[in-house]
């Protein structure tokens, strides 16, 4: 039976991660203001907000990771600039991530891209390497590219979740389908792989976002990897507190999955 | 003379394998229902149904393989999403497969694809690696891509079988041509390589499928690697029982090949 | 001075090889009948027909090579299915070929292909590896692709021969130009590299083929790597006998080259 | 906390580097005259002009580097000739750079290029290698290619700076936005990574260029990597002197950043 | 300061090399007759003609190099057949070249090709490998491809020379611009890298070619790498004698460069 490599990031089997690689993925002008452009404020939010982990690229990790909560280093990344089929390649080794203090590694796969095979194959090597070193390999799985029409349909989100299972990911970060019923199909498809909702762009209101999170947890997810909906919030720590309450208290025992 | 590396998967030279990598290849919504989306039910079907082996991707193997029957780990895989010439690359090493308990490894080659050379070459390295470790290398050989018109013609199915022989596969999984006479040409082309019919999508009726299996065995095949026609069946164990009877009893001694 | 690595395949500096990789290159239905689809019959023809060597892909070698005559393992291969510029990549290592009993290795280069550089480079590595292990590296050199109009002109056949010399091949297998005068230019271009005529598809009559062989030997070639013109013949051993007579007796001392 | 690998190139946290790889990037006829085509004159300018470091390709470093000031070896480079999406690949290893005396290595990334992933990935390996050897990895980050419209906008320059941070660069060399206010956003995006303005083509007048430098330093940059604006100047040492005064004296304490 | 790795190929700092890789680059029918198709005649011309070195591909070197004068092995090569952007990849290792007796290695870079980055990068690895083993790395630099209009303009020839310097070549082989004044700009651009004129196709008359050579030497070049203008000559040894006189006597002390 599989050992639970995600344990460092779990509280009673649930988790809330703070993601902060948007500077590379979207660019600072798309997502940051004068406050949250500074990684130190995010590191502080992560620990004061009692997140189960923080997600950085290696450069941010080296300069700003303070060791107070567990670290996940994203091993690949791309900018939003290039056109054409999406491809993101490894730019940090598992070994280097560990030397920066990582307790887990992340990797993005653009399912359906014309370069899908490159990413599946690279993730395969990373997963093996990480497991040999005792680290969980977390897959950000985003169906994208000219072959993908709707990346939040029930079918496509479940496909992403299932791909994570098949490829040996310890956890997957996927988009929300929009309602707990359809999302619970994705959780079932993951078949034991920890499912994290990808927070996505800031929701119109806090309540909108919290409703999503409630739905995700009721659907049986493990938790949330959130970025903009926390650190773009006027009061990130209050938002973190509200999320914690939903994830660790409110929805406990209400999941549709018999986990 | 060649040693029989397929021995762990054979009963009197015949075999019945249960395949379950459709979650990656087709997606959970295409093939699964609430029951068979759960790998544990398939593992149970595989052992209770007395299959000679079960085929998983590494992630499913790590979480659900229980050691009761021999394991084959598929080393490559792709989703059904990308357009263009098909390509599936290695995402699990032979070494890792062994560490998960595999007694054999599988690899898909899309013969005729614009990326054929990549897959022939990668399978070549895998086959050498597997043989050094004493494991059989099983080739899923599917002619596909813009250059392939009819992937179940006598000629193309025999080509797939023959490619398996030439490349040093210990067994090939190929599609059925539709009748025993034409399929026996594929078996002859394989020239000693164990031939498994690929079960394919669920047949309209059980009898339709059983007729295919009878034809395949009469044509001299080693057996069947079946998935959907068993685990999408309302009574998978009964279907398994009927298949066993055909493969190991009914068709015994009735093959057209002088093996 | 160069050592003669081809010695295991030579009788008084001449040679007659039996090639049998057409199952991969053309498919069984294009070239085989019920008899010659069986590699065992070819192995028997090769030894009873007193060939100087037999050419197999690794899979056939492992199952059917009996050690009675020297073995050449083809290290790359492709099917006839894909469209576009031809590319054939290594799927057997020199080390693996040796472990199967090979005394020489073969590799196909499609000169003029858009992938020419890939194959020249890969052959370069193989040749170095083979020479370190004391094995000859034999180049099948076939100008092909959209840039090649006529692959049997005097100029293009001589170019193939010369490329073999420059790249360090111990022998080249090239097509016949159609007459001894033009083919002797290719032999001169090879400048000491052993030249084998590629037998090609079955000639209309036996005499047609034997005339070709006479022309090739008179042009100064080392011999012939023949497949279909022997094993598609109604009496392969008689054809082999007739070829031997031409190669080792009739044309002896009649070559236009002062070798 | 991150160690300051850039220390060898800093004076009180500020720096002025002399770059001289234009012979490869633009060609000698585009940028050089009879004087500055000679690398010895540039080496002399670099040391007499009291630069904090000089940037050479490996070939120039081997022949002309005299050890008087610290050396940065550029590890990749391209010519201006090829059309299509820009790509520049490693042609010098970190190990070789060190053997030539380098105290730092540089690498160009064309953000937004269709080959962005290749360069991000290669820089990732170089950065890890350099850090293991104790050397800073300096990223020349130039958004370029068909997807990039305006490579000096506030947004795109800040994106370049931020990518340097995320990827673990110790310093970035980026273009100037044209005014201190917008450039200070890039400096904030770099979040501690040393920011160097790329000097670019010779400005219309010395004053124009000095105004740029003043703006850059006021925006909080570390300094300047200048080439043509010094060694195309009629009096390079006088220009160097004026730059030093701005960087190390005039703008001291006037930065908008609270560093 | 750089050691002079070219010393084995120099007489008083000047040099005359005999090149013979045209059999691969252009094909035997384009360049050879019954005499010069035989590498033995070229080896004899090289030593009797007192050349400073002879340039062979590995296959010719293994069979025909006699050790009487120093050897350069070309490590890459292509045929003239493929269309599209030019690419030539390594097919001989530095180690293998040494084992054949090489005292230097050559590599062709098609500057401006869509595959420029591949060749710059591969040359970079070869140069490092060669230098570790104490061998000079000589770059044949030919601007070519759809982006290059005129490959003998002053600007483009100087660019080729400069690229050789930047990339760490010990010598460059470049085309002649047509007159000493413009060629001297290329020599200055090379900045100490030994410059060899590429002989090119046979000139209309001997005098035409000798005039070119005089111009090249007056421009400050190190010498000449000549092929067709010597071995296609009716009296190769007389031509060699005339070249020696120009290179080592006539033009001595008349160079425009203060070397």
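When the chains are written out, they are named A, B, C, D and E in that same order, and each has its own residue count from 1.
Keep in mind that, in the parts below, a contact is a pair of C-beta atoms (placed from the backbone, for glycine too) under 8 Å apart; a residue touches a chain by one contact, two chains touch by 3 or more.
All values reported here derive from a predicted model rather than from experimental measurement.
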| item | value |
| --- | --- |
| Chains touching both chain D and chain E, listed by label | none |
| Graph distance between chain A and chain E, where chains that touch are linked | 2 |
| Angle, in degrees to the nearest 5, of the Cα rotation that carries chain A onto chain D | 70 |
| Length of the line joining the C-alpha centres of chain C and chain D, rounded to whole Å | 56 |
| Whole-Å gap between the CA centroids of chain C and chain E | 35 |
| Multi-chain contact residues (two or more partners), chain E | none |
| Running round the ring (origin chain B, first step to chain C), the chains in order | B, C, E, D, A |
| Residue numbers on chain A that touch chain D, as the complex places them | 21, 23-24, 27-30, 32, 34, 37-39, 57-60, 62-64, 76-79, 81-84, 87-93, 96 |
| List of chain B residues in touch with chain C within their complex | 1-2, 111-114, 116-118, 120-121, 123-125, 127-128, 143, 145-148, 154-155, 158-159, 161-169, 185, 188-189, 191-193 |
